[in-house]
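The two complexes that follow have subunit A in common; it is paired with subunit B in the first and with subunit C in the second.
After this line comes the complex of A and B, so read on.
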């Protein structure tokens, strides 16, 4: 079944909601209305209100801002770093490639999730620790994909033609090799953003993500924990949003990967 | 030595550099501690003398190779430092909390197989029909459900609304232990089962179409004997590999559900220590959990080599 068109719709809606939150959100994200706490969804509050009387929909729109702004670099920096290392290794070859291949084999065996928690624990909460941890753990897969793809492309006739016409090696790399080995990397990038979203939300749920005051989907679910028995909506909406976003990114990533086969 | 034993040994030899890198990484964690690392490790309430003691014991004044050597010596002797909150030795904490994590891990793997394998067969045998298509769409959705959220929702529905199972902490006794494990295992199992189901469906699909099954059928093999000798034997290795490769995320799932269900395991210890900046505990648990994942991955590969004589590693 083709899910990716739904994915594109959901992601577009999420990006629009995040970008336009200051204009679209019905209430300011921190505005408390103590006369209307823990409400079920209604016409005034589409997704209900939390124990402080804050509008859940508005908070979720701002939470999307936080999450999407983190997810793009959390997958994007490893993409650039890993892509460059793996791509350069395959292009240059020789001892450099052997070294990188050996390093990848060793690094790939490392327990990424546990080290991610440890790194965030040591570096402290906040966006920069999350990004450092994701970069250190995430570049490996990208480097592996880039290495495979560049090895495939580097023997192609148009690359050979570029050499023979006297184009410098560096220029061939950036003008011909990279554009033609990009597809699989981009497919994994989209999938990876979905995984990063789940992990960032999970870390924030446990108090290891961004600071407590910032609206964030995982942190919203954590806040809902104490009240969820009386107000299930509180945990339901942010959770469903996480599932839908993860599903969308995964299905788009899958579709991109298969299209190139 | 037989070929398979050689393969197994070679795979185990590949583990050594990975373990060494893990040791180096865990050792290096203290280098990225913000501020004075000795003070962070000793904890916020430590006296000047205690900070000095930590600095001396962990060799912060010594050159890095010397410090790493003494770190290695401590680790090999099972000395993983002392918690700065509870002053409990980390090794003791690990021994105390490992049973919960082991129970969840074993229970979760069992649940994953019990849900995943039949589901995979169903998908493979009914490939292309509407119900199998719908089921695979649901599976893709389930993969994207965060374990912590699923755990929370299950605890509300099954635990609080129906009041059937405990939602937090360990109940006393053996039955209580098992009852406390059901929801956590189900949470991890539900999230992990789609991976297994997909892998089983793919390999069964390939096997059903293969020549040896046609031959076996023409020789009047059918039912259980076809299943056991031809299908299961060939479908199992890729599933075991997948499960071993998923060990990391399964273990992370266990980490997550322990905290959601307030169970005293290694994962909740890691998250508590992380939240309270208890550095020695973070370091010790990262080392032990990390090494466990690395070894499980290797064990999975070795198991595949035993199950499938065609295995080759390059």
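After this line comes the complex of A and C, so read on.
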């Protein structure tokens, strides 16, 4: 069954909710109402309230802002860096390619997730250390994909024809090779955003992600775990949102990968 | 104009190259202005390697490629590259699938960053030259037929105003009428534009009708080279005769079984003697020990038994 259209709808809704949070959110994300704590979903508070009386829906919308704003660069910077390094290596060939291949093999042997957690722990909390860790560990897969794709595309005759037309080699790379190599990269990019979302939420759950007071899905789930017996709603909505977003990105990524031109 | 002198091409790493049989071995020929030269031979004989070496896409092992006496090295300037254009066998990968025809042609006409300067006029002119309607300009390759794509590929080659056009099996994947149209374009390129054409093919009947000179290759070497009429009238090499005999013809005159089907042994023959020996019905002791040289002024043949037919032998 084709699931990706549902994925597109869910992602679009999440992006809209995140972008429009300041206008759509029924309450400010930090506003405490101590007269209405730990409430179940109701007309005033659709997703209920937390132990400080904050509106869960509003906090989730702002959490989506935080998470999506992290997820795009967490996958995007490795995409650009790895894509360029791997693509250029395959295009230029020679010693440069050999060097990149070695580097890829070395990095490939490392347990990415463990190192990522370690890096964040060493670098400290916050968005920038998350992005540094994701870039260091994430560029490898992109470089690998780019290398494979570029090696295929550069043998296509239109690449030689463009070169024979007198186009500088660099321009041939950006005009013909990259655009025709990027489909698989973009497919992985979407899948990778889904994985990055889970990892960021996971790190925040452990308190390694963004700072405590920032609304974030993983942190919300972490806060909710103390109340799992008294207020199930608290963790349910952020958890479901996280799972749906991850599945959506995975299904879109799969659909993109399987699409052949 | 285009001169290929003692060209050799060997593939593989440096170590592999030392032992390997060259894909192209000591090939010499020239293509003059307005001339169509045919290059024939079975697949794997080195035709495409020659083409790619001429345009600088594969490294030249030894030998010299020059245009009007100007030597072309492995690193070529934009202007040098534009003088030799290539049209490819597979129209499927010869055009960038993401680009419209207009964009492809505009970029070919002006390869720098300022392709925006190229007027629609130029694109329309190119399309007119290859007999395509102007509406094609807005299409992407997926919407075009094989024949149309091949014509766009020819137009792209013409956009560079080349001195030489290399056509590598350009009609082998086209149906008869589309092929005829593309062949007419090649004639037009040689007569009206005065460019030289190197026509690579395995189809002798096409070569016979199109080319002024014909070069026959076997396992990387030129085995016969002559004005086309001469070559088809009195083929000197047994391989050429076999090729000609394999073309269906009404007034067939058979010359006996020249070609033995013996591919497996052919590889071993490379080291000494004549490369064609394992498949040759005329082979003698001499053919096993001495590699024949390519001899003759206008009609050159590489064979110890040139112009000997099997029937006479018997």
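The rule we apply is simple: the second predicted complex is superposed on the first by the 260 of 261 C-alpha atoms of A that agree within 3 Å, B and C clash if a C-alpha of one lies under 4 Å from a C-alpha of the other, contacts with A are read in each partner's own complex, and residues count from 1 in each chain.
The rule we apply is simple: a contact is a pair of C-beta atoms (placed from the backbone, for glycine too) under 8 Å apart; a residue touches a chain by one contact, two chains touch by 3 or more.
Being a predicted model, the structure only gives us computed values, none of them experimental.
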Simultaneous placement of subunit C and subunit B on subunit A, clash or fit: fit
Subunit B versus subunit C as contact partner of A:179, first or second or both or neither: second
Touched partner set for A:3, first subunit B, second subunit C, both or neither: first
Greater subunit A contact set [subunit C / subunit B]: B
Contacts of A:157 with subunit B and subunit C, given as first, second, both or neither: second
Which of subunit B and subunit C A:165 touches, first, second, both or neither: second
Which of subunit B and subunit C A:109 touches, first, second, both or neither: first
After superposition on chain A, the shortest CA separation from subunit B to subunit C (Å): 17
Footprint overlap on subunit A, where subunit B in one structure and subunit C in the other make contact: none
Residues on subunit B engaged by subunit A in the complex (per definition of touch): 14-15, 17-18, 21-22, 25-26, 29-30, 32-34, 133-134, 136-137, 140-141, 143-149, 152-153, 156, 160, 248-249, 251-252, 255-256, 259, 270-271, 273-275, 277, 279, 282-283, 286, 289-290, 293-294, 297
Touching residues (chain side subunit A, partner subunit C) in the complex: 156-158, 160-168, 171, 175-176, 179-180, 261
Residues of subunit A that touch subunit B when the two form their complex: 1, 3, 105-107, 109-115, 117-124, 194, 198, 201-202, 205-208, 218, 221, 225, 228-229, 232, 235-236, 239, 242-243, 246-247, 250-251
Residue ranges of subunit C touching subunit A (in the complex, touch as defined): 55, 57, 78-79, 81-82, 84-86, 88, 90, 93-98, 104, 107-108, 111-113, 153, 156-157, 159-160
